[in-house]
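Below: a set of structures, written as structure tokens.
In what comes next, chain A is part of two complexes: it sits with chain B in the first one and with chain C in the second one.
Let's look at the complex of A and B:
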């Protein structure tokens, strides 16, 4: 392709990326290094249906002047990144000094919101991603082996979990795992413990979130693998059969190597997606048991007083986290590219 | 979707009004303008919004967006110029965020021109300026099952200690395994329960005259221990139960005692969504005191409306008149009367409202209207669940709340 043609070809998507990815990134970067001005507080009388009381409020006149001078707020540098809500440098140091052994240090770290969130986020990412890939592959092989007549409906049903909106899908599951729901009561029956509750137990809630994650994402892996399976060389397969290879051996030595690049692609997308886990935590009302970085951003913005700088700092840290997570895969892709 | 629903119910409301012959004139005397309301979603607010929407027509546009997530969008929706929302329906906690961001206008001139007949006690006056018009009062108070309390032979509890004893008896006599209900969902609801109970213990949230939090004290620990004692009589899922889920538990007949919002008792006592055994035996009582205190472990709330700063004077006038129509005596009928403790002329208290009246008589404190209270509320909501799950001590949980609050207050410029 000529360079000029290429340029025109990618121009729309580059523009879109500039507008919707690059500029917002700059915006959160800037927001995260500024914090609100020191508030000018005045004591005022507040009257209403329940009588009058002395209370305080922000002096808007004085704040207005401050805001006009420095509209972005007070420059704080990396202050927000280092505070307790984020990297918590001081608190980690203190935990290190006070901790008796690794277990205790771990427990103290998990008491800090950022580390608690990242612990769950990473656990979720590294459990759900491989399971999604394996399950997706198994479904693809199974559907591919099914009789042609029922393949269409099979594909449709296999795709359903992905079609259902995450919020709705997890809400349905949330009702089913209720102590009085179908799965919840079944679990009580199996365990023989009438007080067993998925929503009240942290380990069970984690398992539930991960099961949901795999359920929701495997159709994606399935459809990519299914498309890949259509391109497997028939001649190679047939010659393998003539050589006496079993079905299992054919999958292991012919199909899997052929699908390896697709696996890299799925892993890349799934790592990114899973690292940003958010909807199930809201739908499952699971924040008492599990929080993620995205949930922390949502929580900062959802309070009665919005904490924009804190949310922006968490966003930047999330972007960095995704970059670190993807770097091995990206480096690999780059090397493969160079080899060719 | 919600908007669609509101449009429909407004149409219905105006149709009913026309049939009843008490129709307000189309336009309510507004010359023209845009009215756009954002607010919480519960029956009383739906009634007010429907009343305001009756003013639509003749060049007056009225729409309402009522959602439980209203406070996530109202500041953003009023910061633009012109603002998307010309009015936010808020309560005494959520008005603070609007004042902090300076997005609502003083109403003195509008009151002078169009609102002379609004009783003075409904005007929320801050630093001498009218910032909102309140239309209803709300509080959390006791809700109990008459039949079950009779069965165990005790009077409705007046203190949380009696409440626990009754709960124990109900469980021990095998009537209900988890007799206590409560909106203890991690987040806003749980924080609200802490605020109630801490006030009941006579606690002060801040060092006097400052924004420095001080809840890691005797009262704080006692508060948490009481919340935990209560939670042991609740459905084990209690940390996921908000007011809606708690109401559902009540209507399902699984709960016999709870501390619940006055604005929600109407739904519990009507014949919808429940069996006669439950709704006929649902009764309300006064808010309870705790640990020998005299101030109820509850908070008083008002709900009211505001007018956005960044809208034209014509839109502001239209908004003021439409909402004034939304809280006029004409909105009161058999159905709407019991929805709230209305501050509207012609309001007649129904039995369902007795709890809120009792709360006012007992000198319950209003929810604190401080610029930094929202940050403390968020910090409480995020850090108390671990104590209730038995994962950490009360002191540790309170220390975490203080640390989280300090970090947030520094970022927002309240502490340095």
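Let's look at the complex of A and C:
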């Protein structure tokens, strides 16, 4: 295809991506190094018959003028990155000095919002991704072993948790684990503790969020593996059987190697998706127990005062996190490409 | 395939049946439970006394006189004007799907036919964009949208969702177009068509299966989005998902959590129908990326 034709064909979508993905990236970079102007405060001397008093007041006009003149705000450099809401350099240093042992240091770090968010995000990503893959594989093998006639309905119901809006799916689960809901009452029954509430307990909340994550994502792994299972080489399976391989050995030495490339694909997609975990935290109202990077940005942007530079700094750090997660894939592609 | 050696031992069979039943319950029960409960009053769905009341609807009988009540739906759709959100959602989905498919087919076709290196890098950059959480971009939009008075309009949300959709759409359509033989459009060009004419008269008639599948996923992205729509739409332009989230903030305290339950069921119902009709396309779409690497 000629360069010029190519350009015309990709123009609309590249323009959309340039304007609404690439420029915003630049925009968050710029915003994160500026902070909003402080209000201009003037001291006015009021002199009356009983002497002079000094009052300080906000000079609305001057503030407005300053904001209009420099709409981005005051240049702050990396100040926002280092403050308590983000990398919290001073606080970490203090915690390091004061901490007695690693456990104590860890506990102190979790009091800092950014570290709390990144810790949960990473824990969620690296717990949910492998569990999703394992559960998805098990469902795929089971469905593949089921009678052909019932496979359609099986796939239909399996797709539900994935297709349903994450916010809605997690709400449905949240209502069931409510202390007055069916799972919540069942948990109370099992634990023998009528005051047990998932909402009040940090470990239980973490577990429920991760359970939701696996529930939501494993249908994807299932579908991909199921499609992979249809293409397993029947001859290889049969010769393995003739050679005396047990059922388990056949799965281990024939089926699994065949599915390995699919596993890389699923893991890549799942890492990207789990890293952005956000909606369940809103639905579960879990922010007291668990926050994620995306939730931190949402929280900064919402509410009465939009803290744009704080949100921008968290966004930049999140993008860096995504880049680190993706780097193995990118490096591999780079190498493959060089070989061609 | 009924060779004796391939038959499963009984214990394994039982295990598979048990496991599948368990998974079916896990996957489907929450939805059935919520659908059933949405026709009860709050005292039954969140029963302090006995969880079984949600099944039998004891308080519903006491309060309304019937075993089922449409109060939740009435409150959500009429009193809280959920219908407005439904209209907005329909508009957003319709336009997002149409525009992103138009952009995507053009781009995906070009990417599948170009043999130069930049096409490859274009796709890699799209992959990186696909990995970015949408909410990180939102903080980049807000100041600009405020300044140019773009904030709050449906059209802004539509174009933003189209852009966020593009990387995925391009990847998917790229792999579909790769499967359409090159000879097809090249022979048309030998006959004197320009590249665009070849695309128009030869490729468009055969591309629909791929386009429908991709369209389903674009629809899902627009329909399910919360991060973007919650942040850049004003209150009266809200789509359904942020509207539900706003129920949680305000009405839960008023004891009208049933509005949220009813609207959750309302949002899920179209997705149910969609899976039923398009199950095969969804499955093929999910595997398209994987099988081709």
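Please note the rule applied: the second predicted complex is superposed on the first by the 286 of 340 C-alpha atoms of A that agree within 3 Å, B and C clash if a C-alpha of one lies under 4 Å from a C-alpha of the other, contacts with A are read in each partner's own complex, and residues count from 1 in each chain.
Here is the rule we use: a residue touches a chain if its C-beta (ideal position, glycine included) is under 8 Å from a C-beta of that chain, and two chains touch if they have at least 3 such contacts.
None of the values given here were measured: they were computed from a predicted structure.
Undergrad: Going by the contact rule set out at the top, does A:62 touch chain B (first), chain C (second), both, or neither?
TA: Neither partner.
Undergrad: Between chain B and chain C, whom does A:99 touch in the aligned arrangement: first, second, both, or neither?
TA: neither
Undergrad: Contacts for A:204 in the overlay, against chain B (first) and chain C (second): which applies, first, second, both or neither?
TA: It touches nothing on chain B or chain C.
Undergrad: Tell me which of chain B and chain C touches more residues of chain A.
TA: C
Undergrad: Counting only touches as set out at the top, which of chain B and chain C does A:301 meet: first, second, both, neither?
TA: It touches chain B and chain C both.
Undergrad: Tell me the contact category for A:80 with respect to chain B and chain C: first, second, both or neither.
TA: first
Undergrad: Quick one: is A:178 in contact with chain B, with chain C, with both, or with neither? Answer first, second, both or neither.
TA: A:178 contacts both chain B and chain C.
Undergrad: Looking at A:195, would you say it contacts chain B, chain C, both, or neither? Reply first, second, both or neither.
TA: first
Undergrad: Output check: A:330 vs chain B and chain C. Expected answer is one of first, second, both, neither. What do you get?
TA: After superposition on chain A, A:330 lies in contact with chain C alone.
Undergrad: Which partner chains sit in contact with A:113 here, chain B, chain C, both or neither? Use first/second/both/neither.
TA: A:113: touches chain B, not chain C.
Undergrad: Mind sorting out which residues of chain A both chain B and chain C touch, each in its own complex?
TA: 178, 285, 301-302, 306
Undergrad: If we count contacts the way the header does, which residues on chain B are in touch with chain A in the complex?
TA: 69, 71-72, 75, 92-94, 96-97, 99-100, 102, 121-128, 134, 137, 185-187, 211, 235-240, 242, 300, 302, 343, 360, 366, 368-375, 377-378, 382, 385-386, 389, 392, 396, 400, 403-404, 406-408, 410-414, 416
Undergrad: Residue numbers of chain C touching chain A in their complex, please.
TA: These residues of chain C touch chain A: 5-6, 8, 12, 16, 19-20, 23-24, 26-28, 30-31, 33-34, 37, 45-48, 51, 54, 102-104, 106-107, 109-111, 113-116, 119-120, 122, 124, 126-144, 147, 159-160, 162-164, 166-167, 169-170, 195-196, 220, 223-224, 226-227, 230-231, 241, 244-245, 248, 260-261, 264, 267-268, 271-272, 274-276, 279, 282-283, 286-287, 289-291, 293.
Undergrad: Inside the complex, what are the residues of chain A that reach chain C?
TA: Answer in residue numbers: 1-3, 5-6, 8-10, 12-14, 16-17, 19-21, 23-28, 31, 71, 138-139, 142-143, 145-146, 152, 154-161, 163-168, 171-173, 175-176, 178, 180-182, 185-186, 215, 219-220, 223-224, 227-228, 231, 241, 247, 261-262, 265-266, 272, 275-276, 278-279, 282-283, 285, 293-294, 297-298, 300-302, 306, 308, 311-312, 314-315, 318-319, 322-323, 325-326, 329-330, 333, 337.
Undergrad: Inside the complex, what are the residues of chain A that reach chain B?
TA: Chain A reaches chain B through residues 35-39, 41-42, 44-50, 53, 55-58, 60, 63-64, 73-74, 80, 83-85, 91, 111, 113, 178-179, 195, 197, 199-200, 202, 284-288, 299, 301-307, 309-310.
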